[in-house]
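Accompanying notes for the structure given below.
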Amino acid sequence: MGGLLESGFELMMIGMGTVFSFLALLVVVTQSMSWVVLKFGLASDPHVANLRLGAADKLPSTSKQSAQHVAAIAVALDTHLRTPPL
Amino acid sequence: MDLLDQLWNGSGLAQMTFGQFAMILISLLLLYLAIAKKFEPLLLVTIGFGGLLSNIPGAEIATGNGLLHLIYEVGIETGAFPLIIFMGVGALTDFGPLLANPKTLLLGAAAQFGIFATLLGALGLSALGVMDFDLKQAAAIGIIGGADGPTAIFVAGKLAPELLGAIAIAAYSYMALVPIIQPPIMRALTTEKERGIVMVQLREVSTLEKIVFPLLLLLLVAFLLPSAAPLLGMFCFGNLMRECGVVERLAETTRTSLINVVTIFLGLGVGSKLGADSFLTAETLGILALGMVAFSIGTASGVLMAKLMNLFSANPINPLIGAAGVSAVPMAARVVNKVGLEANSQNFLLMHAMGPNVAGVIGSAVAAGLMIMITGG
Amino acid sequence: MDLLDQLWNGSGLAQMTFGQFAMILISLLLLYLAIAKKFEPLLLVTIGFGGLLSNIPGAEIATGNGLLHLIYEVGIETGAFPLIIFMGVGALTDFGPLLANPKTLLLGAAAQFGIFATLLGALGLSALGVMDFDLKQAAAIGIIGGADGPTAIFVAGKLAPELLGAIAIAAYSYMALVPIIQPPIMRALTTEKERGIVMVQLREVSTLEKIVFPLLLLLLVAFLLPSAAPLLGMFCFGNLMRECGVVERLAETTRTSLINVVTIFLGLGVGSKLGADSFLTAETLGILALGMVAFSIGTASGVLMAKLMNLFSANPINPLIGAAGVSAVPMAARVVNKVGLEANSQNFLLMHAMGPNVAGVIGSAVAAGLMIMITGG
Amino acid sequence: MGGLLESGFELMMIGMGTVFSFLALLVVVTQSMSWVVLKFGLASDPHVANLRLGAADKLPSTSKQSAQHVAAIAVALDTHLRTPPL
Amino acid sequence: MDLLDQLWNGSGLAQMTFGQFAMILISLLLLYLAIAKKFEPLLLVTIGFGGLLSNIPGAEIATGNGLLHLIYEVGIETGAFPLIIFMGVGALTDFGPLLANPKTLLLGAAAQFGIFATLLGALGLSALGVMDFDLKQAAAIGIIGGADGPTAIFVAGKLAPELLGAIAIAAYSYMALVPIIQPPIMRALTTEKERGIVMVQLREVSTLEKIVFPLLLLLLVAFLLPSAAPLLGMFCFGNLMRECGVVERLAETTRTSLINVVTIFLGLGVGSKLGADSFLTAETLGILALGMVAFSIGTASGVLMAKLMNLFSANPINPLIGAAGVSAVPMAARVVNKVGLEANSQNFLLMHAMGPNVAGVIGSAVAAGLMIMITGG
Amino acid sequence: MGGLLESGFELMMIGMGTVFSFLALLVVVTQSMSWVVLKFGLASDPHVANLRLGAADKLPSTSKQSAQHVAAIAVALDTHLRTPPL
């Protein structure tokens, strides 16, 4: 009985210690990460936006192609892009 | 006539035990609370109905090859359903407020004191001979104080499946009762002036920070506490799908169809543990009582921690947001907002409370991993 | 060359039996009826394609570790898929018209006479030595008359899995043929004047009644006929999710993604029972013939019951709506509407037919529970 | 053979009896339920509507808060409410 | 203290092997490529995260009763997940361009030369003693050249499950690298004038042709190569649901919720094969090298075949579209379009490339069926 | 060793032969199918459209029924049609 209570008490100490240490470390790590991101301008909106540019956005755009062509290709691409890669 | 006899013997009237009848009433009560009082309806409607089905005599829905028993074996005994729900919750969670103010993670840590105090309480009751819980059972009961349904179900399934029904009911009931349980404690531990503290507006958080955070969290888990990896891993996976911006169709399905389907089956599977034999015991009463203690201590610990942090903090922290550290997402954050508005009608604490609120999810998953590792789940 | 031999021996041309070839033609016919003629396409497209796959020689898709066989074992042998479909149907069903005029439940009772007459017919054919059905098989065949696919599949899976393919094909084929089978019977048993009867408009039904009804129904099942609890329990659960208003996201997923996914796999799983060996037998012809009898008798019983009730009813009942009591939701109700409009172009019976239509679902589930209990499923 | 037919006949009698009794009882029970609901005005639309009011609707509304604040909180809450409870 | 010891011994720092650490870095690299570089994100995010989870020491997520191992057993070992994905891809595929110009099927055939050349390469490396692949393993590696993820996973699961992780990584990595691998090969094998060829506009294809085509394809498989029936059967089933017009709700769910859910679990399951022990071997390097060869040879074969066909064709074929015959849907078709526009800014080849693109899916499934039959999967 | 390479070579021959034969046959079969469909006018849009007419479209339409009635029935049917057949 006493043994059970004792191991419970020990578990409580270790447990709260672990939870606190873990989350405190997470505070530090998170703050460092944010500092790096902000310091090196990695979070600048253009950059983030860039990060999200998909292949579709890199499609060729030549000045000569007519609006009609562009529309046609857009429709075709749109249909096509719905297919997730195999 | 033989067939008429068979018909009568097969009827519920002939077979029903008093316990089953009582459990049907309890299940109906859960449904009433869920539907009329909005107590965690997503879970209490499904658990309550599962409880109804499980106590129909002779139907054998919750035993053998019955559907609810199969659901339990496939989804809960394996831990799959709570983990998938956690993935879905990850896909629904915005870590923005937490990233804007990472120190609120400590509030999520403090509130987990409810877990360990309750564990000690359960063992104390056993030491006194009032109850008879072993260490695993006490640990599973303590997790009720984490105020996260899937975490509680996951841990109970590993450490004390025989108590799963009672633990799930306690967890969701108290999560539903958060608007009643927490405010008095919050008011008792704070002054009107403290409750009126206006916090500085949170900064904008960049997409990159949001993408990196779940990976950082997972790496920390991997290096320090691998036993928390199943829960936090799936949580971080869901969150990464949400934030990374390149798998939006997967994230969308995860937080809608997938989490909905699994919620239905999780509820029915938990309900299968509401059979009269296993639920109507003294242990259940003990668990309900201990669960209430767990919530109260967790709330108090969070508030007190916030007051402590205020002594050292440059920017003032409204101690009410510590109460959100128990998790009970999103109800506890709403309660904080409400109590804050009572003290200062221009003081909207909701966003500030969301940081500790999701921190509480992380905190109780950490506690759960530890319990499973140490008590040998 | 060895490899060329192996290639030839592995080809369908070398391996295909005449039975498999015939089953491929039958499967293509089912697909044609489903696609070109709209015969119950949700089921006949999936079952038909499953039948195609199951008769490809050497592919072993419907045996051993083949996908269709695994689907069958996991979802149909356990009863899980029909029960989940029933939950979905519950989430799609509006009991409003039934609650506005509960007496139409009796029409749903009467139409189940088709089930029991067919059971007797199957046993009669066996007594005459034409067929060789035992009591369980006869009960499973009778349920075709219930005109509910999931109920028929659930019962056949329990009582006569060896007949499942034929029973499912018969059930869905006749449900698809309802617009052809029912009208002559309906016209033969009614006068033009009876068919022209205009019924009083149905009252509005309150939300509370709609919430309480599925619970009442389940409690009645629990106390009187627990063996019907799996089917009706899941049906009521789906309906409660629909009506209770607090778990809309679960109800929405249940009646869309979930029922759709399970329908696909249910169809493929049933199709796995269309292998030539088990399907191309005299029993199948007997089942198809008996199924037609079952539908006809059910329709007639419903119409006659409505005429009987009309003798005692204050508000006149158009006897056509009795035909909807076989269920075959929603086709039978539409047929009633159509035949009614022929007699009186201002007489819209659709809403009135929806009461007996869903009553028929309850009625055949009750009959199914009874069969399972008595013949020891 | 005769025995099989006989038990089939018996099953038919019992079966139709059960189906009819069950659904007839359901008629009575349903009518009683509706009577109670309508008699005691439980179905009055306001009441039913009330029954459906969620926690979100009970949020504080003070006369002084600016429209801006209300909008801000609405957006926050909306985002937040999408999270189903854990 | 005992517990502190236990905590330390249970930590990742105490248990992690160098291999696990390396695999965590590799998994992070996959995530980086998927998120920042958009390399097949649907698969590389899920596989990469699965790889992370699988290399957390002591968490046992990818072994025993761990979630990822259960997913692997249930969904990949049985072949169910790749087949369901194939059904979903069928429901997403428009055979219109192929039906408008069926001769492009031959381009899809030619590109499969990459598969068999790679198989020979793998056996050659073994003959030289550099590697040690048997026939089954060589066949599974060759299928990387098919440039279809589900086909590669299905075949690897049957023939060489021990290589599944490496094969899947190679397949998806090279599919992601298609925009880098293919253009130089395409340019080297064609003249500027050939690349500028404008093809005649494709005719409209009727609904009936689109409905009949998947059935025709399946019948051909059934009669000639039944071992390809699981893959092509599910593909045709999905496509029939899409085109037949009467089960739109099933098709819609198949190409959204269902394929999304299965993609998530497929990715996690494949990721469970990225454990350091099984992945960090010389074989993996060999597989990566051979996979690159397979893609290059497949691309070249497709282009050369198109040039050959041009000698006999009335309507000129732009040889670039041959490169789309490897499949890698839809990336390869987009690459064709891009390279074509470089040569002639008015030349939109996308629709023309879609024919060989889906033909490549059929071609590699045929090759897969053959491999499984002959090497005895 | 040599045996393995040899069987690999054989597999390559048979394999490419099979893939080509299969897809070439598919070309012929597909072209024939399209020829039949186009030849016999099975693809005419009205026909195809017809093919897609569901039961709902065959519902009675009498000249006398008022627009109101039609609206009512449309609503009812619409609700009803959402129910997939049992």
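Here are some notes:
In this document, chain identifiers A, B, C, D, E and F correspond to the written order of the chains, with residue numbering beginning at 1 in each.
Rule of thumb we're sticking to: a contact is a pair of C-beta atoms (placed from the backbone, for glycine too) under 8 Å apart; a residue touches a chain by one contact, two chains touch by 3 or more.
Owing to the predicted nature of the structure, the values given are computational and were not obtained by experimental measurement.
Note on connectivity: the fewest steps through touching chains from chain B to chain F is 2. Each chain's centre was taken as the mean of its CA atoms, and the one lying most distant from chain E is D. Interface comparison, B-D versus E-F: the higher number of contacting C-beta pairs is recorded for E-F. Greatest centre-to-centre distance from chain F is found for B, with centres as Cα means.
Of all residue numbers seen at the chain B-chain E contact, under half occur in both copies; the interface is built from largely non-matching residues.
Distance from the chain A centre to the chain B centre is 26 Å, each centre being the mean of its Cα atoms. Centroids built from CA atoms put chain F at 41 Å from chain D.
Within chain D, the positions touching two or more other chains are listed as 11, 14, 18, 51, 54, 84. Residue numbers of chain C whose C-beta contacts span two or more other chains: 3, 7, 35, 38, 42, 224-225, 245-246, 249, 257, 263, 370, 374. If each chain is drawn as a node and touching chains are joined, the picture fits none of the line, ring, star or complete shapes.
By the definition given earlier, chain contacts exist for A-B, A-E, B-C, B-D, B-E, C-D, C-E, C-F, E-F. Here chain F touches chain E in the complex through residues 1-2, 4-5, 7-9, 11-12, 14-16, 18-20, 22-27, 29-31, 33-34, 37-38, 42-43, 45, 47-48, 51-52, 54, 84, going by the rule given at the top. Those residues of chain A lying in contact with chain E across their complex are 10-11, 14, 18, 51, 53-55, 59-60, 62, 64-65, 69, 72-73, 76-77, 79-86. Of all residues in chain E, those touching chain C in their complex are 78-80, 83, 211, 215, 218-219, 221-227, 229-230, 233-234, 237, 240-241, 244-247, 249-250, 252-254, 257-258, 370, 373-374. Looking at the complex, you find that chain E touches chain A at residues 1, 3-4, 7, 35-36, 38, 40, 42-43, 89, 92-94, 147-151, 175, 179, 259, 263, 327-331, 333-334, 337-338, 341-342, 345-346, 348, 350-351, 354, 361.
Against chain E, the residues of chain C that register as touching in their complex are 3, 6-7, 10-13, 15-16, 24, 28, 31, 34-35, 38, 41-42, 45-46, 49, 52-53, 55-59, 61, 65-67, 70, 256-257, 260-261, 263-264, 268.
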